[in-house]
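Letters A, B and C name the chains as they come in the text, with residue numbers starting at 1 for each one.
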Amino acid sequence: MEPILETINLTKRFGGLVAVSDVSLKVETGEIKAIIGPNGAGKTTIFNAITGVDPPTAGEIRLKGRKINGLKPYEIASQGISRTFQNVELFDNMSVLENVMVGRHPRTFSGLLSALFHLPKSIAEEKAIRDDAMERLAFVGLSSSAQELASKLPFGQQRVLELARAWATDPKLLLLDEPAAGLNSHEATVLADLILKIREKGTTILLVEHDMELVMDISDKILVVNYGKKIAEDKPEEIQDNQEVIKAYLGEDFKER
Amino acid sequence: MGNSYAIESQEMSTSIILQLILSGVTIGSIYAMVALGFNIIYNSTSIINFAQGEFVMLGGMFMVSLVGPLNLPMWVAFPIAVLAVTLIGMAFERLCIHPLKMPSVLSLIIITIAGSILLKGGAMFAWGKETFSLPHFSTEKPILLLEATILPQTVWILGIIGMVVLLLALFFRFTIVGKAMRACAANRPAASLVGINVKRIVLLSFALSAAIGAIAGIIITPISLMDYERGAILGLKGFGAAVLGGLGNPMGAVVAGFLIGIVESLCAGLISSHYKDAVGLVVLLMVLFIKPSGLFGSAQVSKLKKF
Amino acid sequence: MLGLVALPMVMRNPYYLGIMVFMGIYSLISIGLSLLMGYAGQISLGHAAFFAIGAYTSGILTTKAHLSPLPAFLAAIVLTACIAFLIGIPTLRLKGHYLAMATLGFGQIVYVALNASVDFTGGPSGFGEIPRIALGNFVVESQLSRYCLVWALVIIVLLFSLNLIHSRVGRALRSIHSSELAANAMGVNTSKYKIQVFVLSAIYASIAGSLYAHFVTFISPGSFDLEFSILLVTMVVVGGMANVWGALLGTVLLTLLPEFLRGFKDYDILIYGSTLLLIMIFMPEGLFGLVKKLRTVHGKT
């Protein structure tokens, strides 16, 4: 079967610095794949390239076989790639519910004119958006805070809300940028369960994460990058024993001992 | 200013062009000074101080009073006028900026505009609504330069601006306080962590840019006269120069100030003085549309300084 | 709202009604500006230009081309929308102070053009004899009829705007204000919506401009300068940006304030400046923010 996402020789340079170099990766439909690597290895850069925030210098990105580089971020989102952010980018001035409602944006249509005139079509769609968003909030367990301001949520719940918002776009592929960063172990477990549940609903997931326990628990495949290069790709249990990976994480010294 | 040079014949002689450029350089240097003032405050606070033009007006007005009614010699009046405006700049910061907690950029814009209304109103009470002149610093006899003439006052203006730019560069590079101000510009939280008193730096940046504004006002008044309403347009042009040069880039501001001055003067002389005030802005918009962070600005920096 | 309808029945003084008419004209613009600034988070320091384009198009078409006011009014809207669209595309790519400068520059360019193209606009001294609006045989001439017309339009524009705010597009606008990065990641075409709301707010200003031209019957560039653009922004910010009601509140305050200050003669400029300053220092969220705060405090006790 055709992979959902494929990058071919993805390269990103910032001036003289090569942040990502010739990374080719495939994400198969329905899998959870993790990208790991030491700080500064180029993981978030890969995400930014895929989502069009910072387009790649060279290489190709394909979503279900269709080339998507060169598209604007919002177009890529509409095509079916959604994401969360390392530093949580919620709409702070909006309620929890409204945040998820924005997530329905690429799957709904009412424009400026039908909004101005409050046309029946737009009223019906607005209700559908609200109902759908409420359902998703119930699914992730945030129904009770639906009317609260997003910025008022505890940090752990903000991460969950961001996940719900991204999932509300009905993505083919969901990119999660360090979803467990800043969470305690209980919160991380809750989040891991949620990620698994969202996968069961039919969403493919690619995540960047430092929390190895979480990565080993939920990923089907792990891709390891270091200095912008892919150094390994395998099942979690194999990765744990991969000499190349241990070297990247723990340094030369460790291996010699 | 520029429109006083009438074009006698249709052929554009080089001397006319040269003359127009010289007058453009004169007014441009004032824009450059105002833009420098914008930059100093912007760098340490991310605030655009819309009252910057009022400092220029106040500098000219104080000088007028000190030299006229009080009959002080120029060289005595100059530092007193600068000092007076510097104190006003500091008071402005203490009263308008200091009390704010976490203000939004928009409310800061309105606050500095309110401040400029107050300064303008105050000036109207102190000096009335007339237009004032000031004697030139030395003789008014024009100097012949190539095929054009140049007023000695223009030489004064360029000399003083050169000094100011040089002193500022030295100040920022070699003094502890100057270095601290640059640190604030680069990264405020980090500067505060290494023990720099950020609040005091903000006060200092207002003092410094008020002083520079005052100097600009003092040296331009003999040529372009001064009244209580003059600050707004100078502030507007200076802001334009600061943006054109790339906010946060003092050298860019100076270059852009001269550029706007010259373009305006050429337009006034060769096309029509009606459009003089628009042509600089047209150039500015063109540049922004092609390069959204100004001529010498960094896109990354403007992205970080979020609205 | 009810009070507004009842007001002219109590207040027959044409002078006060005249002030209310201007308040209505300004409200039309500030409601649009509140959508642009408060909701979408994009500043414009050049909205006087759209007010001017509306006024001059209506004025010129009715006096020089002898069109009747209604088609001229529609033509003004179309022209303003086109100009706002063309200016908006490059301008709204800019951020923060660069956007402020660009819109300010645009406003000044229009202002200079109005002054300079003497044949067309009458230059600095403007032109007069703009016909009044007539609905059949009824000419909108008395302050009361003007009052009714302008406030009817304000209510319509307000309803439109409230519809917009509580819609998918309104949410998209607010998401842009909060985080353009995240809005894009949610599939919101940020540039499209920014331009749409910019054009919409320009149309509101154009409507206000056309009304102004037909009410005052004489226009000159002086009414459309930078100071007016700044006054409009100030109305929105002082009232409270986060809300269209705030914009209305700010408009009411800043239209009435100079009238109260009339007795202070030349001191008005100082009092006006200090009032602005105090409001911004002590109520950074604007007047509406204060109202909201009082309400929650009250609700808790």
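Here is the rule we go by: a residue touches a chain if its C-beta (ideal position, glycine included) is under 8 Å from a C-beta of that chain, and two chains touch if they have at least 3 such contacts.
Given the structure is predicted, the values throughout are model-derived calculations rather than measurements.
Colleague: Looking across all chain pairs, point out the one with the most C-beta pairs in contact.
Modeller: That would be the chain pair B-C.
Colleague: Return the chain label for which the distance between chain Cα mean and whole-protein Cα mean is smallest.
Modeller: When every chain is reduced to its C-alpha mean, the one closest to the whole-protein mean is C.
Colleague: Can you give the whole-Å distance between the Cα centres of subunit A and subunit C?
Modeller: 42
Colleague: Mind checking the centre-to-centre distance between subunit A and subunit B? Centres are C-alpha means, answer in whole Å.
Modeller: Chain centres of subunit A and subunit B, defined by C-alpha means, are spaced 48 Å apart.
Colleague: Just curious, how far off is subunit C from subunit B if you go by their C-alpha centres, in Å?
Modeller: 31
Colleague: Which residues, counting only subunit B, touch subunit C once they are in their complex?
Modeller: 42, 48, 95-96, 99-107, 109-111, 113-115, 117-118, 120-122, 124-125, 232, 236, 239-240, 243, 247, 272, 274-275, 277-278, 281-282, 284-285, 288-289, 292-294, 302-303, 305-307
Colleague: Subunit C touches which residues of subunit A in the complex?
Modeller: Touching subunit C from subunit A are residues 51, 53, 72-74, 77-78, 82-83, 85, 89-94, 98, 101-106, 108, 110-112, 115-118, 122, 125-126, 129, 165-166, 169.
Colleague: Under the touch definition given earlier, write down the residues of subunit C that touch subunit B in their complex.
Modeller: 37, 41, 43, 90-91, 93-102, 104-106, 108-109, 112-113, 115-116, 226, 230, 233-234, 237-238, 241, 266, 269-270, 272-274, 276-277, 280-281, 284
Colleague: Inside the complex, what are the residues of subunit C that reach subunit A?
Modeller: Interface residues on subunit C, with respect to subunit A: 160, 163-164, 166-172, 174-175, 177-179, 181-190, 196, 200, 242.
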